[in-house]
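Heads up, the next two complexes both have chain A, just with different partners, chain B and then chain C.
Here is the complex of A and B:
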C-alpha cells in the first residue's frame, strides 16, 4: 500500500552573513520500506535518528531532498493536500500541543469532518458533521457530551483519543503514529495501544508506528525497521528482529530494554 | 491596577458617547465677554481666548482622542498582524522581503516620518489617524512573526496542515487566535502612544484643525496664554496624561493576565 523508495531529507547547515551552506545534516539518508494493508510497521531508533523526519515526509509536512513515497502506486508529491489527507493521517507524540487550545473539541474534530465532506446543502452538512463527530468520539471511547469543552479540561490520555478521533475523521487508510504513547502514564499507554489495535481491526487501518520504546513496538507491530543515523540498519518481523538481531546497534537497543530481573550481588 | 485602567477607559468612552448630554456648553460657543476666565462655578475649567468653555471642549476632545487611538491602532494591527502571519507562517523569501521592509521602516524616526507625510497632505483627523496607523505596524509585525515561528511548529498547526486545510484557515483559525495575547497587549499600549502622537501633531498645528477640539490643539491654543491662563494648558494636559496612563495600566495588566505562565496556574 505504501512504498517508500530511497527517501532522503538533508537539512542545510548555513554559516556567515550570506548564509553559505557549509554542510548538511542527513536526517533521513536513503531509506526504503513498504507497508501492506492492515499491517503495523514500526520504525525504531534513538532520538535524532530520523524517525520523526520520516513521518513528516510521509504526511507531506516536509519536502524530500530525494526519493519518492508512493501510495497505492501513486507518487504522493503529485497529490493535492486534501487527497493526501484522505489517505494518510498522523497522531502526534505530545497530546498537549496537538490540540488547538482555543477551539472546542466539537470544532477540532468537526473541522476535519467538515473538510472531508464534499459541499452539499449547508443544513444537511451541519447535521451530518455533528452526527459524525459524535460517532468518532464514541469510537475512540469518549463521551459525546464533550463537544463544547476545551482541550485543557482533559487528561493526556483523553487528549490523545481526541487526536485519534480527528485523524479518523478524514477516513484515512494509513495512520502515522509518531510516538503515540510516549508522553502518557503506563496505565493510559495500554488503553491507547489497545484502542489503536481495535481501530486497526474494525477499520482495516494500517499504521506506521514511530517509537523508541521497544516494548510498545513488540505489542503493536507486525514488522519493524531499526533506524540509525538516518539509515535503516536492520528490518524484519518482530520475532526475527527481537529474537535474532543481526546488527550490533539492534543488539544494543534490545539490551537497553529495562527488565524487572535483578542481579544477585555476591 | 489594570482594573483601574479599564475603569478609566470605560469612563472616558462613556464621556465620549454622551458628550452632548454632559457638556455644559457647545464646544464652539464663543462668549467674548468672558474670555480667559479662570475656573469658576459657571465654567469649572475656565474659558479660553475666545470665551469658549474649556470643560466642554475637553469633553468633546475625548471623542477625537479616543477615535484616533482606536482607528490608528486598528489600522496598525490589521497590517501588522497580516504581514506578521504571512512572514512567520510561510517563511522563506516572503519572510526575508517582509522583514527587510520592516527593518527599513524601523530605521526612520516614526514621528518625523509622520510629519513628512502630513506635510504633503491636508491635515485633518482622518489623515492623522491613517498616517499614525500606517507607521505603527512594523514593531507589531515583528512580534507576530516571532510568535508564529514558535507556534507553527506546534502539533495542532501541523495537524491542521496534515488535514489538508487551506493556508488561510491554518493562519486565521489556528495561528492568529494563539498570537492574540501579545497583539492585544501591544495594541493597548499603542493606543496611548497614538493619542500622544495625535496630541503632539495637533500641538504643532498639523493634526486636528480648529475649531474641532482635540486635547492637542487645546494645548496649542493654551501655550500663548500660559503665563496668564494656566488652566488652558493644565487640563487638556492632565486629560492626555490620565488617558495614556490608563491604557498603559490596562496593557500591563493584560500582559500579566495573558502570560501563558499565568494561564497555567
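Here is the complex of A and C:
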C-alpha cells in the first residue's frame, strides 16, 4: 500500500550574515520500506534519528531532498494536498501543541469533516457535519457534548483522542502516528494504544507507528524497522528483531528496556 | 466576561491612586514654584508678597494636606484653576483633548493597518525580497530619532517643497473655508504629526508581528491544519493569523503610554493644539494645577487603553475568558 523508496531529507546548515550553506544535516538518509494493508509497521530509534522527519515527508509536510513515496503505486508528490490528506493522516506527538488553542473542538474536528464533504446544500451540510463530528468523538471515546469547548479544558489523553478524531475525519487509509503516547502518563498510554488497535480493526486502518519505546512497539506492531542516524539498520518481524537482534545498536536499545514498565503496559 | 471587566475596573483604582501620588510629589518637589515664575522677572517683589501668593494658592499648607485637598476635588474632576490665566483646568484640558485623541487614534490606526500587514507578509514570505526590504526599513525606523525625523520632514515638505503646513491644526483663514475645504485643511495639517508619531511604532510593531507570526507558523497546530489538507490561505488566515494577533493586541495597548508621552514632544514640535503641548507649556510655567490635571488625564487615558486591550485580548483568547 505505502512504498517508501530511498527517501532522503537533508537540512542545510547556514552560517554567517550571508547564510552560506556550510553543511547538511542528513536527517533522513536513504530509507526504504513498505507497509501492507491492515499492517502496523513500526519505526523505532532514539531521539533525533530522523523519525519525525520521515513522518512529515510521508504526509507531505516536507519535500524530500531525494527519493519517492508511493501510495497504491502513485507518487504522492503528484497528488493535491487534499487528495493526500484523504489517504494519509498524521497524529502528532504533543497533544498540547497540535491543537489550535483558539478553536473549539467542534471546529477542529468539524473543519476536517467539512473539508472532506463536498455537499452543495449548506443546510444539509451543516447538519451532516455536526452529526459526523459527534460520531467521531463517540468513536474515540469522548463525550459528544464538547463541541463548544476549547482544547485547554482537556487532559493530555483526551486531547490525543481529539487529535485522533480529527485524523479520522478525513477517512484515511493509513495513519502515521508519531510517538502518539510518549507524552502521556503510563496509565493513559495503554488506553490510547488500545483505542488505536480497536480503530485498526473496525476501520481497517494501517499504521506507521513511530516510537522510541520498544514496549509500545511490541504491543502494537507487526513489523519493525530500527532507525539510526537517518538510516534503517535492522528490520523484520517483531519476534525476529526482539529475540535475535543483529545490529549492535538494536541490542543496546533492547537492553535499555525497563522491565517493570513492561508489566504495567501489558 | 462582565465579571472580568468589573474586576479589571476595580483593579484600576489603586493604580490611579498611586499615579496621583507620584504626579503630585514629582510636581511639588521640582525646583521653582509658580510664585517664582510670576514674580521672578521682577527683583522688587518682596518675600512678603511671595508668601501672600503662596497662601492664595494654598502652597503654604503641609504637602499631605495639599494632596488630600487636591484628591478630594479630583474625584469630582475638579482640577482647580490654572495659575496662569485663572481658567478651569478641566475646561482647558477638554478643549485640547479632541486634538490629542484625533492625533493618537489616527497614529494607532496607521500603525495597526500598515505595520500588521507588513509583519504578516514578511513572515509568510520569509527571506523574500519584500521581507529583506522591510528589514532595512525597520532598521532605519529604530535608528532615526523621531524628533530629528520631524524636523527633517518639516524642512522638506514644509519649507523646500511647500506642500504641507508645518504647525498648528488649521490655517489662518480656516473659518472662511467650505466644509470640504476645512476637512482638507485639517488633513494636510495632520499628515506630518501623525506620520512622525506613528513612525517608531510602525517599525516596532511590524517587526513584532513578523516575529509573532513566525512563531505561530512554527507551531504544531499549524502542521495539523496543513495535514487536514486545507489550502495554504486557510491555514494562514484562519489558523495562524488569529493566534498571532493575541500578543500584538497586547503590545498595542502597552504602546499607548509611549504614544501619549511622545505627544508632549511631537505636539510641541508641530505646535499641535493638544494636551501634550498644554502640558509642556504648563511645565514651563510651573502651572501646577494644569500639570497635574494633564498628568492624571493622560494616566487615565493610558489605563483605559490598556483596559480595552485586555478586554479585546480576553475576547480573542478563550483561555483567558474562563479564568
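Definition applied: the second predicted complex is superposed on the first by the 258 of 266 C-alpha atoms of A that agree within 3 Å, B and C clash if a C-alpha of one lies under 4 Å from a C-alpha of the other, contacts with A are read in each partner's own complex, and residues count from 1 in each chain.
The rule is short, and it goes like this: a residue touches a chain if its C-beta (ideal position, glycine included) is under 8 Å from a C-beta of that chain, and two chains touch if they have at least 3 such contacts.
All values reported here derive from a predicted model rather than from experimental measurement.
A.B. asks: Report clash or fit for the pair chain B and chain C bound to chain A in the combined superposed model.
C.D. replies: clash
A.B. asks: In the overlaid three-chain picture, which partner chain does A:92 touch, first (chain B) or second (chain C), both, or neither?
C.D. replies: Touch partners of A:92: chain B and chain C.
A.B. asks: Looking at the overlay, what does A:150 touch: chain B (first), chain C (second), both, or neither?
C.D. replies: In the superposed model, A:150 contacts chain C only, not chain B.
A.B. asks: Scan A:115 for contacts with chain B and chain C and give back first, second, both or neither.
C.D. replies: Once the two structures are laid over each other on A, A:115 reaches both partners.
A.B. asks: Just to be sure I read the superposition right, which of the two partners does A:102 touch: chain B = first, chain C = second, or both, or neither?
C.D. replies: both
A.B. asks: Taking the superposition on A as described, I'd like to know which of chain B and chain C A:170 touches: first, second, both or neither.
C.D. replies: Both partners, chain B and chain C.
A.B. asks: Using the superposition on chain A as set up above, list the residues of chain A that contact both chain B and chain C.
C.D. replies: Dual-contact residues (chain A): 56, 59, 61, 81-86, 89-90, 92, 94, 97-103, 111-112, 115, 163, 166-167, 170.
A.B. asks: Would you tell me which residues of chain A are touching chain C in their complex?
C.D. replies: Residues 56, 59, 61, 81-86, 89-90, 92, 94, 97-104, 111-112, 115, 150, 152-153, 163, 166-167, 169-170 of chain A touch chain C in their complex.
A.B. asks: Give the list of chain B residues in touch with chain A in this complex.
C.D. replies: Touching chain A from chain B are residues 154-156, 158-165, 173-174, 177-178.
A.B. asks: Which positions of chain C touch chain A when the two form their complex?
C.D. replies: On the chain C side, the touching residues are 219-221, 223-231, 239, 242-243, 246, 316-319, 322.
A.B. asks: Touching residues of chain A toward chain B in the complex: what are they?
C.D. replies: Going through chain A, the ones touching chain B are 56, 59-61, 80-86, 88-90, 92-94, 97-103, 111-112, 115, 163, 166-167, 170.
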